[in-house]
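Okay, so chain A shows up in both of these, paired with chain B first and chain C after.
Then we have the complex of A and B:
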């Protein structure tokens, strides 16, 4: 009994530094944001702020107007579409990478990881100027060669949504391919051999063996990606909403919308309240998804 | 062994975190040691360092470049152990920092006689709520630039009507008569001012003359239709530098790259709006030195000595010669070399009509609001009245949300 207690103490002692770091880098900022959201910290009370209770939360509800609701719907659609395409494309590519006796497998894997190796900011701006720019972009050069009129790819809501989704896919696919590839390799070959002996075709093998086998392995990656996509800011902001480089598109995610309607005010109390509300929204989605996952098991 | 390694690694991580605190000016240094934050190019800082080594040799001055200077100041501005003693930045953040309570007025730190030769526009820019918070060093403003290979000096438009005619005659097949960042607030402010309007007044009222702003938007739209759909800096800059656009409105920062690209650059006065008789009046940004409260109270003599040295016209001349800055001190323009510099003289002339960027805190939100308004009208083709009403409502909401 004594040695068990000691072992528990030891394990906490050894994981202490890591827990401290996690506490400092993850938990503390969230708690501090929650604290600031209860104060009147703004330009006029930068260092002498006081607690104002839930005032900021009451004001924050006014930001959640029709504009916010349409941004929320757009964000849900954006997340769902991104996840669907990511899963399908990553599954197809990972399956192709797992073809027996495939030559240059390592080379393909390295090439597929390239987008991950580049800083996101650089990739996004390269897409913006190199591909979508109406004057110099590759797409309009192709259009010109085909005798078609040049287009402003990022100017309308729908085309901006599609362009942002493509860039987001390009940035996110390496992670999903890597996870999917690992999951596929973990499946015991003997299942497939038995299925082949039973006369199962590719579709049946995929439905009955591959998908159930990889599901628990890719689930954490899917959850991570859902939240990364849901709270996406860089892709949408840099492609369409950047100050001084707006394109005319009205496509907003909740974060770009909150940025334009709260964060630029330099009112940290108010902005923190909005951040906490968005954080609670995300946690609620996360809890719902995780509960469903546990229920499925 | 593994345990020792784990402990060492954990300690190393904690030390790394502790080291993030760093040390800057304030109480970390002696009374004659001053730390100055800036975000300027090397040529400007080199000129300042060379000059101060001669003019104030007993001061130990350290220049530290900060890429996100304003954000850093918001975090540590009242912490003498981490904040600088002074910083060099444009005047438009004076209101924010003054309201935050980290800026010291410089009235008591610099001799009033030393300010007499400053261009009035620069002193206006450096003043917030009747208090002077910045010693102006130089200023920047937008200029009308043209490529002399395509636009001959005698065909440079004197009025916006002439400019429109020129654009209509010279735009098409991948070429543009004139380009500008038409849907960004900093550039379009010139058109709004040309109609007698403004983005915000000194009391924080957004778009005080609605009619003037709407007239400017409607008139400007005729020009926007003859320009590319992209409004960002890179596209506009590249079109001009590649010789695909005959003229542009750009800042002095474009000049070195234009000269490098082999463009025979011409600089002309801003065209006058036919309907109002007023010229397009761009914003000006006055770069100067600001003093933090701790330094003003605890290193008063050193700060006074530094400001006295920087108020001398000699540094303005050095800056103008080193990097083409337009000095804030009027006397600098008497220098024969400065007098010969076409770029500096053009900015000096534009200073007569330029409007200093508002330095009140409310302007922070107006950049976005005005950008949205311009984007709606110019790029999304929305109705001017409806877009203006939406922008005004957003401005009022954001301004009230600041408090």
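Then we have the complex of A and C:
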């Protein structure tokens, strides 16, 4: 009995440094944020804040023009659109890249991986300056050539949403193509041969062989991508929301919305409440999809 | 030649043209930056732009490498990355070994909790971490950032190495133990060499994370002497009004090159290391 206790202590001692760091940088911030979310801490009440109960949550969830619900809707729309386009485009491209007679497909694959390999923030800033900038961005140079008026691409809500979606698609597609490509290669060719003998056309083959075969293989990657898309911050923040260089677009994901309330308008209590709501949403989602398989290992 | 063969050849050519066009379109933002960085300042606003620089010059690179503080930022980033990677592995490997091999109360609960807690976005932790580090005087310091980065990547490092340790047969270790090896010796001499692929992938992911992280770096670091590459690049940014787009383009290329080299050298490991779980499922 005693040696068992010692063994337990020993295990905790070895895991201690790692658990301590996680405690400080992951667990503490969540608990502290939960605490602040119940107070009225803001720029006027930096030290003398008081507990206000659930006021911040009520403001976020039931006051419609607080902006949280519209940011949440925009984020859901953003995630759904991104996933739809990613899955369809990646599937088509990966299928084409799997045509055996295409001789340079290795080269194409390598080139198409570039957006993934580049540091994300660098790519986003290059898009911002090189493509969308109203003076020396490529888009406006092309508009000029076509005799059209130059536009401020990131200035209005809808066009900012589209621009951010395109950049996000550009960043995320390589990973999805690679996953799809791997999944397609794992399908046994003989299924297709017998289907061809039965006279099944491309659509039928895709529907009854390809999609069921790749679905379980790509599922984990798709779930991870849904998470990262829902939690996307960099694209929207760097393109439109940077402190001192706001473009005037009102498009927010829930993360940039929480960030703005904490660091721009310094409404810490309210921002913390939003953070906790986001956390609860994410936990509900990951408990449903991630935990079941990972917990068993 | 038969009609069918012609048709096949035609569609293959069309496919090749499509992929060449697609590859080019994908690279446009990068190619444009490369071209601008190699171009003389004055030709920038002319509308007849081409992807081949007209006034070829290396002036922008010279300005980046010698004019700005980029060498200081590079040094800061390398130190930060090296210490973070070392510290991450030093805390993750023993912990992962315990969670993989030993059974103790709370083990499963902790593992499950870590997955859930890790879904809290790092950006949202920033305010709390600021309040935590400030009284300790760690806000505008390297030590503070190292703690933040190691802590943020700790759950990933732990899970990733633990997952690989699980696949190593216990029998190998038992043989060594019979010969009188201590725990430390077993981990360092036997488990670590066998787990090299996952340790390399973990180290690379931490390295790339530190290299690419900008939001903590720009918020916590003040004073150009302390900047990392990401924070420095952020400051160099060309906005609608200020800054030099060619110099910024050159700096972007310089900053990206190391990551590109690492990525394409290790692409095989990275993709297999990241998708191993997916293929199994």
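Note that the second predicted complex is superposed on the first by the 206 of 297 C-alpha atoms of A that agree within 3 Å, B and C clash if a C-alpha of one lies under 4 Å from a C-alpha of the other, contacts with A are read in each partner's own complex, and residues count from 1 in each chain.
Criterion: a contact is a pair of C-beta atoms (placed from the backbone, for glycine too) under 8 Å apart; a residue touches a chain by one contact, two chains touch by 3 or more.
Everything quoted here is computed from the prediction, not taken from an experiment.
A.B. asks: In the superposed model, which partner reaches more residues of chain A, chain B or chain C?
C.D. replies: C
A.B. asks: Quick one: classify A:248 as touching chain B (first), chain C (second), both or neither.
C.D. replies: first
A.B. asks: Counting only touches as set out at the top, which of chain B and chain C does A:59 meet: first, second, both, neither?
C.D. replies: first
A.B. asks: Output check: A:77 vs chain B and chain C. Expected answer is one of first, second, both, neither. What do you get?
C.D. replies: Neither: A:77 stays clear of chain B and chain C.
A.B. asks: Determine, under the contact definition given at the top, whether A:92 touches first (chain B), second (chain C), both, or neither.
C.D. replies: So A:92 meets neither chain B nor chain C here.
A.B. asks: A:69 in the overlay: touching chain B, chain C, both, or neither? Say first, second, both or neither.
C.D. replies: neither
A.B. asks: Output check: A:119 vs chain B and chain C. Expected answer is one of first, second, both, neither. What do you get?
C.D. replies: After superposition on chain A, A:119 lies in contact with chain C alone.
A.B. asks: Pick one for A:51: touches chain B only (first), chain C only (second), both, or neither.
C.D. replies: Touch status of A:51: no partner.
A.B. asks: Using the touch definition from the top, say if A:155 reaches chain B (first), chain C (second), both or neither.
C.D. replies: Once the two structures are laid over each other on A, A:155 reaches chain B alone.
A.B. asks: Between chain B and chain C, whom does A:8 touch in the aligned arrangement: first, second, both, or neither?
C.D. replies: second
A.B. asks: Show which residues of chain A both chain B and chain C reach, each in its own complex.
C.D. replies: On chain A, the overlap between the chain B and chain C contacts is residues 14, 17-18, 21, 24, 129, 133-136, 245, 262.
A.B. asks: Inside the complex, what are the residues of chain A that reach chain B?
C.D. replies: Within the complex, chain A touches chain B at residues 14, 17-18, 20-21, 24, 42-44, 46-48, 59, 62, 129, 133-136, 152, 155, 242-248, 250, 260-262, 264-267, 270.
A.B. asks: So in the complex, the part of chain A that touches chain C is made up of which residues?
C.D. replies: 7-8, 10-12, 14-19, 21-22, 24-30, 32-33, 36, 93, 96-97, 99, 101-102, 104-105, 108, 110-123, 125-127, 129-131, 133-136, 138, 141, 144-145, 170, 178-179, 182, 186, 216-221, 227, 231, 233-234, 237, 245, 255, 258-259, 262-263, 268, 271-272, 275, 278-279, 282-283, 286-287, 290-291, 293-295, 297
A.B. asks: Hey, which residues of chain B end up touching chain A in the complex?
C.D. replies: 6, 10, 13-14, 17, 74, 77-78, 96, 99-102, 181, 183-184, 186, 228-235, 238-239, 361, 364-365, 367-368, 371-372, 375-376, 378-380, 394, 397-398, 401-403
A.B. asks: Please name which positions on chain C make contact with chain A in the complex.
C.D. replies: Going by the criterion above, the answer is residues 8, 12, 15-16, 18-19, 22-23, 26-30, 32-33, 36, 44-45, 47, 49, 90-92, 94-95, 97-99, 102, 104-105, 107-108, 110-112, 114-121, 123-129, 131-132, 147-148, 150-152, 154-155, 157-159, 163, 166, 208, 211-212, 214-215, 219, 230, 233-234, 237-240, 245, 248-249, 252, 255-256, 259-260, 263-264, 267, 271, 275, 277-279, 281.
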